[in-house]
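Structures for review follow.
Shared chain: subunit A. Partners: subunit B in the first complex, subunit C in the second.
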Partner chain A sequence: MTNQQPLLEVKNVKKYFPIKSGLLKRTIGNVQAVENVSIDVYEGETLGVVGESGCGKSTFGRTVLGLEDLTDGSISFRGEEIGGLSERKLKKFKREMQMIFQDPYASLNPRQRIGDALEEAFIIHTDLSKKERVKRVKALLNEVGLKEEYYERYPHEFSGGQRQRIGIARAIALNPSFIVCDEAVSALDVSVQAQIIKLLKKLQQSHQLTYLFISHDLGVVRHVCDRVLVMYLGATAELATSDQLYKNPLHPYTKALLSAIPRPIPGRKKERIRLEGDLPNPSNYPKGCPFHTRCPLATEQCKQERPEWREVEDGHFVACHEV
Partner chain B sequence: MEQLLQVNNLVTQFRTAEDNLTAVRGISFSVNKGETLCIVGESGCGKSITSLSLMGLLPSNGSISSGSIKLNDEELTSKTEEELRRLRGNKMSMIFQEPMTALNPVFTIGYQLREPLMIHRNMSKREADVKALDLLNQVGIPDPKKRLKQYPHELSGGMRQRVMIAMALACKPSLLIADEPTTALDVTIQAQILDLIDDLKQELDMGVIFVTHDMGVVAEIADRVMVMYAGEVVEVGEVEEVFNAPKHPYTKGLLASVPNVDDEFHQLESISGSLPNINEKIDGCRFHKRCPLATDQCREQSPPIFSVSETHQSKCWLQQEVTENDKSTATS
Partner chain C sequence: MAEAVVDNQVQKKKKDIAFFRTFRRLVKNKLAVFGLVIIVLLTIMAVFAPIIATYDPIEQDLTSAELGLGSEGHWLGTDNYGRDMWSRLVYGARVSLVVGITSVVIGLVGGVALGLLAGYYRKLDGIIMRIVDLLFAFPGILLAMLIIAMLGTSLVNVVIAISIWSIPGCARIVRGSVLSVKKQEYVLAMKSLGASNSRILLKHILPNCTAPIIVFATMRMATSILSTSALSFLGLGAQPPTAEWGAMIAAGQDFMWSAPHMTIVPGIAIMLVVFAFNVVGDGLRDALDPNMDLGK
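For the complex of A and B:
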């Protein structure tokens, strides 16, 4: 997988949100939501992005899709630069790149029938006739495991799992090649969650999809992803294949994160690495390593110098002075 | 162990324009002092309504239609609103999922912490202030003096949940009900909060009812587990019994659908279908439509509760055979 051309190349991407204050609304600082992220995403893989809330993983996903302006850096899709493109030029890429949200209910119009909502993609991006569009929508419903009769129904008539199926149908409507799943299964009960994971895996096979799978649930990520990127405070902490990451985590943050997951095995001896405190505020970005304020191994060097992003073994990247 | 809470045949109903909806269907359970009982199940199975029924905090169209709730041998269902108010925050307390909606945004943390102490313990403002500082220290909040003067929006999620816990524990309740207290938190913060609740439980010898849908959390903190499905208790037992040898097909399904972090070859199973609608009439076992093992008997008759062991019960017809076989071998 490593010697092929990446589908998506992200280089030194930064996304800052300005903080404005005073009468003249001058910028007095920045929220550094995404801080210098570089990563390649390969065709057909599922890349997991994990981290605590506020670590910038969602903003990263939105930035990749062009839903947020880039502050700095470049993003190219199939070798073509898409960072900073105008809305009009971006349209052709939008067919290729889609998103599945955590709560599809929030993104569905409560007064619009499901069929009509799904049809919209075809109206905007294709010149199919009404009859053909309806046919396509019904085929889509079938594909995600919903009944054709649901065409006539409204969003409130569906359960959480069914709504997520609708969200997925909408994302795959135009046969995209790349989908960002932002906490796509987090709001679901475990039994339903397993159904949706199975559906996502099936669709990946049949449509040759590449997923950027953003989640805070490390159990799900292990199950779904080929490679995993750990983010902390907008920066990349560690990147490895799922196997490497779960068996041999190197970054102290990854270790703490993995040890904190409650395992469904009663009586297991707890060997938790306790992290003190909370995520620092990204508007007041710490100097040196972003993790040094909570890191059990932090040294003087960590407080001063930002660790570089280096490859320590084949395909295993980490940003830490102490590794 | 001393029994703290005894619930018998609790039925909770909601009045709507068309019909009376039954959310909790005659459940019975007990909690001992110093014990953590976890209630698990999918959303909509009645676990939150059960805890709200215990606290007497049901929405205005909901009511307990029959059954009894005894806390320290005191019947709660016959108490007036005023009597219940004297118990809440005093003998029994509750922590909610989203502390931001449970804390009042226009009062300082200090004010909200002093309130239960001044009401239930008749403390003066100054005494309560000292105690509040104590409580914040106890739940591990750094720089507590400063926090007392701050408002809820100035704190992070984990910090707010700590304040909620401090408030709930202010009067040393004998029963703590925690309804998904860590669901909105990150794993590292969740670990901190779980440890905290466990430590405080031992310190105060409290009974804890912990409502969650996360099987990992259950395994960490529960002494006993109660699995609910569509308003009924389908299985209850000590945590090792239920996790290592689940008897009800629903419990088995729930456990199999949890992704395993430590096992890359773990096959994820899902339970087909979804929870039935609350007003749906179901003959026989309420789980039979989703059950892979359902027989004609399951479709026609609702199963009674069978005992697997002294502490372990399951509400499933399949258990009957096992139980009867055991009996026949025992008698022969």
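For the complex of A and C:
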């Protein structure tokens, strides 16, 4: 499934949002949304990113696509550096990198017909004639399982699942190689989720797509992803193949997360690891290991030193002193 | 082929429904209907003034000066020069409407442009909004008088003055809507597609800010018409013998006791029109607000 050449190399990426205050709007602090993330994404794989709300998963996805300015670090796509490029220079990469959004109701302009919305991609990036564009849009609609006649309709005439299909059509319009799915199925009900996941998988095959699949739903991630990255408070906690991670979680945070998956089998109660306290405020980033404030294993070392991101077995990375 | 045609017709119908939905909701508001009727009458008066007017509005006839209401041949009476009040009122509607529409349109163009820029580009926001605040700090009519004092008295300058005065309010409203619309995911989606800023602003943000702009424009018509009359009343706008409602009131001042209809008739006209635009604006605000449930 995975080649040796990474499609996307992310190195020490940081994204801070400055907190400004006072008359002169001086920066008095930072929200450390993404803290030193390094990861390679390989061609053709589906990399899951999991973590609780506010852990920086979405910000990470947006930063990778250049939708947020990079604070520090480097991002390279097929060997070319794209971090910190200007809007204009980034445009040619935008054909290659696309995004599917969480909320199918908010991600379509309510005053634009579906056909026009899908056409925009071609207007921006190609010089196809109107006739050809319409043809391409209709082909796209077919490809994501919608009728050609929907071209003329407005978003409010569609259901959530259909809208998400339109969002997918928009993302694949330019034949990209890398797509960030930001909670792409979270807003849908379970049966529709399954259809959309099936569609995503089908398109992955037919278009050789690489997905960065951001989700908080561990069940879906296990089903969909080849590898899974666990994030906590903007930092990477653990990275492994789906099998490794679900069978042999190493980081105490991953263990707690996995123990929270609801189990459909009655009687087979597994002990749930309960984390005490709340997520620390990312504007007041904890010293040492970001997880030490809630970690059941925390020692004095964890409070002082930030754990190293190290490979403990083949392809299994973890950031923890106690593993 | 035939199927496509049918489908097209269905679509057309649907598009119309969206427009009619707003209209239907507006019509449910009785006060707004009353306002609409007055606005329609005003428009008819203005457009067909030469047909509706029974006399030349500036033709003097000193033999029949200061005739009261209901006089023969002059149902609204005549003024101190014997000019027919009804005809002057009809032609005055023309002035009010033309000045109102032009100044609102110019004000909207300026205000929408500034509001879009201020709301979208954070760097321009500070500068533009401070200028807007500065314009806001002047009482409106004083600002208009200042501009007219610089440019000279004429109706054209009144239009310019009122337009400039309309810009800050519009800019603020548009900026507010832009701030909320630009956070929507579809704007982010367009950015991730690589759309240019102008494309995002004009095709995606502006169309989603139209509701408050329509309401503002309607309300602003009332203010503009009132201000035109006020400025003309003060002698800064329409000059005699132009038939303009504010100027008519000013002319009638000296005849308050001998010919009160000279002030009362145009006064009522101004009041009705301003009231009409205000209630229609109010009605539109409710009709365009998707969260407002007006019952069935």
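Definition applied: the second predicted complex is superposed on the first by the 319 of 323 C-alpha atoms of A that agree within 3 Å, B and C clash if a C-alpha of one lies under 4 Å from a C-alpha of the other, contacts with A are read in each partner's own complex, and residues count from 1 in each chain.
Here is the rule we use: a contact is a pair of C-beta atoms (placed from the backbone, for glycine too) under 8 Å apart; a residue touches a chain by one contact, two chains touch by 3 or more.
Predicted model, so just to flag it, every value in this text is computed and none were measured.
Legend: residue contacts after superposition of the two complexes on their common chain; A:254 is shown touching neither subunit B nor subunit C.
In the superposed three-chain model, the partner touching more residues of subunit A is B, compared with the other of subunit B and subunit C. Of the two partner chains, subunit C is the only one touched by A:167; subunit B is not.
Once chain A of one complex is fitted onto chain A of the other, the partner contacts of A:124 are limited to subunit C, with no touch recorded for subunit B. Look at A:95: by the touch rule set out above, it reaches subunit C but stays clear of subunit B. By the document's definition of touching, neither partner reaches A:59: not subunit B, not subunit C. Contact with subunit C, but none with subunit B, is seen for A:111 once the two complexes are overlaid on the shared chain. Comparing which residues of subunit A touch subunit B with which touch subunit C, the overlap is empty. By the touch criterion stated above, subunit A contacts subunit C in their complex at residues 62, 65, 67, 90-91, 94-95, 97-99, 101-103, 106-112, 120-121, 124-125, 149, 152-154, 157, 167, 170.
Of all residues in subunit B, those touching subunit A in their complex are 42-43, 142, 156-159, 186-192, 194, 213-220, 222, 239-240, 243-244, 253-255, 257-262, 264, 266, 268-272, 274-275.
The touching residues of subunit C, when paired with subunit A in their complex, are 4, 7-8, 11, 14, 184-186, 188-196, 199, 203-204, 207-208. Residues 52-53, 159-162, 189-195, 197-198, 216-220, 222-223, 242-243, 246, 256-258, 260-268, 270, 272, 274-275, 277-279 of subunit A are the ones touching subunit B in the complex.
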